[in-house]
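In order of appearance the chains are A, B and C, and numbering begins at 1 in each one.
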Amino acid sequence: MTDYFNEMYQNGAVRPPYARLEDWMKLMPAELRQMKQAEAESLFRRIGITFAVYGEGGDPDRLIPFDMFPRVFTGQEWSRLERGIKQRARALNAFLVDVYGRGEIVKAGRIPARLVYQNEAYEKAVVGFVPPKGVYSHIVGIDLVRTGPDEFFVLEDNCRTPSGVSYMLENREIMMRMFPDLFRENRIQPVDSYSERLRRTLASVAPAKCKGDPCIVILTPGHFNSAYYEHSFLADLMGVELVEGQDLFVEGEYVYMRTTEGPRRVDVIYRRIDDAFIDPLCFRPDSMLGVPGLMDVYRSGGVSICSAPGAGVADDKAVYTFVPEMVRFYLGEEPILNNVPTWQCAKADDLKYVLEHLPELVVKEVHGSGGYGMLVGPKATKDQVETFRKKIEDDPDNYIAQPTLALSTTPTFVAEGIAPRHVDLRPYCLVGEQIDLVPGGLTRVALTEGSLVVNSSQGGGVKDTWVLAE
Amino acid sequence: MRLTVDHVTRYSYDQPVRGVVQSHRLTPTAFEGQTVLDWTVEVTDGLAGGAFRDGAGDRIQSWSVQGPVSEIVVRVRGTVETVDLAGMLKGHRETVRPEVYLRETHATWADAALVALSAAAEGAEGPLDAAHRLSEAVAEAIAYEPGATEAHTTAAEALAKGAGVCQDHAHALIAVARAREIPARYVSGYLCADAEGAPHEAAHAWAELFIAGLGWIGFDPANRCCPDARYIRLGSGLDAQDAAPIRGVARGPGSETMDVRVSVAPGGGQSQSQGQQ
Amino acid sequence: MLSRTADNLYWIARYMERADIAARLLEVGARISLLPSAHGYRSEWDSLLQSSGTADGFAKKYGDPVQRNLESWLFFDRDNPSSVASCITAARENGRIVRTALTSQVWDALNTAFQELRQMERKPRSELELSLLTEWVMRHAAMVRGAIDATLLRNDGYNFLNLGYYLERGDNTARMMDVKYYVLLPRIEFVGSGLDNYQWTTLLRAMGAHRAFHWAYGGEVTAAKIADFLILNPQSPRSLITCVAGMNNHLGRLAKAYGRVTRAQGKGAAMLAELETTTVEKVFDEGLHEFLSRFIGESAELGGLIHEGYLSGDVR
């Protein structure tokens, strides 16, 4: 394990952010730990946080394992991360405004036109339309990994509808209920203002036609969706309605929701459904989830949609390579957070390198998500590598590869006691009239020893993430 | 040339529906080849919604009708002054990059046969010549035969059949052009048919290909020509569905039947359209 | 509130009440079948299936009405949309959809019923006695109802829940009486016979109103007394008048809260006015079956008006 950066222990000494956790950890008897773990689980179940896993059958109301050992950042570490995250979120939005407008970055030759304009996520329907306040991606989830005290890498950006923020909030809530003493001893910055800040962000991008307090709704694909709990949780925290497509309708220049007292105008839609499904009159005609005519209302300024349709072109894995370039081009700054070096299998040279080094690399599908369709070279069997080699050769454009990163570890409660496990981090950056970030995020942990895959669909768990006050 | 359009679409529902929402691309776009003199779109019991020009330069207008309703009539009337520009779309304001129109869609996917057909462009003297050759090849390969295909027929299916209508010709031309890395798009509009022209051709469709240095140029394989003063251009898209003049959804269990009547006639339309009031 | 949310709440109540009724119906069937048959075992169970509106589905799946199959059908079978298991699952799913409109107590009650149901479904049927099953249903139905009454905000959602409860309950009281009076009793000369009385008593038991009835009326069980008790007595928790009055109360609250009267209020008021002024004699003059059929029709009409006025989403 010496190859990995251990966030708690460095050269046999406890790193400062974890200083007060050592005693807590050592003094907790095994029985108490088990009791607390059971308590946490029953709290989650009672609250109703469950997460359906695609394609596995079994219990549709599965819990994501919660690890009680927190992941800790000092205020100083965080402030650098914060600057880097906000910088990236700004650049991504500037990119979106640009490529749906004048396309300066393409004209300047800083990103290939093909990657942008032939990208499936590039929406012709919104070309020339500037969303309110020039914001396309209102919630930017940036997946980060750490490899050393000061080394952070961005694994990917999520500009559409990053999920998981409900875990950030619930993990904190449950930790505070179970270990109030920890919160007295450590000065931990709160995260519970997230919902209020999200509401403020959404309200700030209400269309110009909206006078007064905007009516905000969350649009969900429905209660069969694996993230339905999160949708209803956020709606409840913000005090807004959770609607399905069938609850909304277009009349004249506006969108309305169907209420027991008659139609009520909706100003801002925080949608948790994909572009392709939001309006059968503009996109997929077979969509039953969307609202017919919504895009016409949107494009004529009658309603705001968050994230804006078309935002997905910024978080495409092939476009990802160019985000540092976006930071330089639009902001005139050097990127604070680095990308992971990435090979594009679409390029002949890169493809050659990738095929020669498959057992060392992590290979991902360009449009994949959730850890599906992914090869972790060092953890894969020979057969798996060879199967994947065929897939890449058949459709090189569909794959990118990255070096296997030495993800940092944090102490984690496991069956035998406490052991280091690999983690990543997803903070949620809010972009509206202002740019805003709560001090925290979702830490995902690979619970299997040695595993580097933190996705909940692949046996990952979650942790509370602390940022200490200075 | 002055052209007068009278285009009536009647939607009937066997049971009253709870509401209808439509998105129209029914107003001619302005460019050097056409000037709109007067133009009205009416929807029975309809409430006009948002109107705007999209990035492709098309005029979009949405409509909603509050139910219960059993019949909706969309009536388009107007007069346009056209000029023959040999198919060139001069002075058309749009911001969508031509590269966007290299993307394939279900209807315009090029199968092996279409890729083979695209070889017609080989040896061409420049891209404009290539475009003409492709258009000619499509006209040769797909005979004009009303009723041979339907609304959801793809370019590949029409070519396999060797027969189709203007929509199939346009889809096939788009497919072969994109196969040659030439941006191509579907255009819907009207055609003032001459004496021997079939009347249903009045609601017409063709393709535009982007030729570097010249811009977008229309090709009508169905009539083996480039659009001239007899053509009125309404709007464009990646394929027929994307460029449809009317897209709509009715909410309710009833099934829909549609009846379309289009007349495009030469001459000033003012007196004629008033006469029909 | 969102029309769909109101609809979900309304259906939570209807499904829970329906589960309760399904269990009670099972108990009636089991008890009546203990008695020497008047016209064959089969037709008695058949009439119960008829009253639950699921006879065709049962016949298709099982054929002969053997008691064990009937129990499976009315309790566990997911192919029967009115079975206890179907109703509890549907109620819980409606609850999950509007989770945030419920208190954690109400959600807990719904979810616990569902989780226990799933455990029961895994047990061998031989370990599950019918009386335990029916008691289990009634206990959980009462827990959900109790959690609603004790913890829920008295807002519009509360009114929609109660409308669901009262509508379903009134409808079912009428159906059960009709089955007894019109279907179960084979011939008119049995009226007043031992069999007649036994059936009425069983019905009262199933409705949990057996003792209440005797306190209120005493003496012989007669059709007239029962009709008075289950139709016109406002003290009876399941009487038609209690249910209609309950709906009027909640419709009135909605009208006040929204500042708007729908056709449902008018219909509810008319139904209540009739029940308040009629007498048992008039009911029997009309014919009990005719009266009950008319009530069931009007109740369905009121349900339709509630849907139209609040739940459909087409409210203007």
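Heads up, the rule we're going with is that a residue touches a chain if its C-beta (ideal position, glycine included) is under 8 Å from a C-beta of that chain, and two chains touch if they have at least 3 such contacts.
Owing to the predicted nature of the structure, the values given are computational and were not obtained by experimental measurement.
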Of A-C and A-B, pair with higher C-beta contact tally: A-B
From chain C, the most remote chain by mean C-alpha position: B
Identity of the most central chain, Cα criterion: A
Interchain centroid distance [CA atoms averaged], chain B/chain C, Å: 59
Whole-Å gap separating chain A and chain B, where each centre is the average of the chain's CA atoms: 41
Between chain A and chain C, centroid-to-centroid distance (C-alpha), Å: 47
Of all residues in chain C, the ones touching two or more other chains: 314
Residues on chain C engaged by chain A in the complex (per definition of touch): 1-6, 93, 96-97, 99-100, 104, 107-108, 111, 156, 160, 254, 258, 260, 310-311, 313-316
Contacting residues of chain A [partner chain C, same complex]: 46-48, 223, 229, 232-233, 235-236, 241-244, 246-247, 257-263
Residue numbers on chain B that touch chain A, as the complex places them: 19, 21-23, 47-56, 60-62, 64, 66, 95-97, 99-100, 102-103, 238, 241, 247-249, 251
Touching residues on chain A, where the partner in the complex is chain B: 100-101, 103, 106, 113-114, 117-118, 120, 122, 124-129, 249-253, 280-282, 285, 292-293, 295-297, 299-302
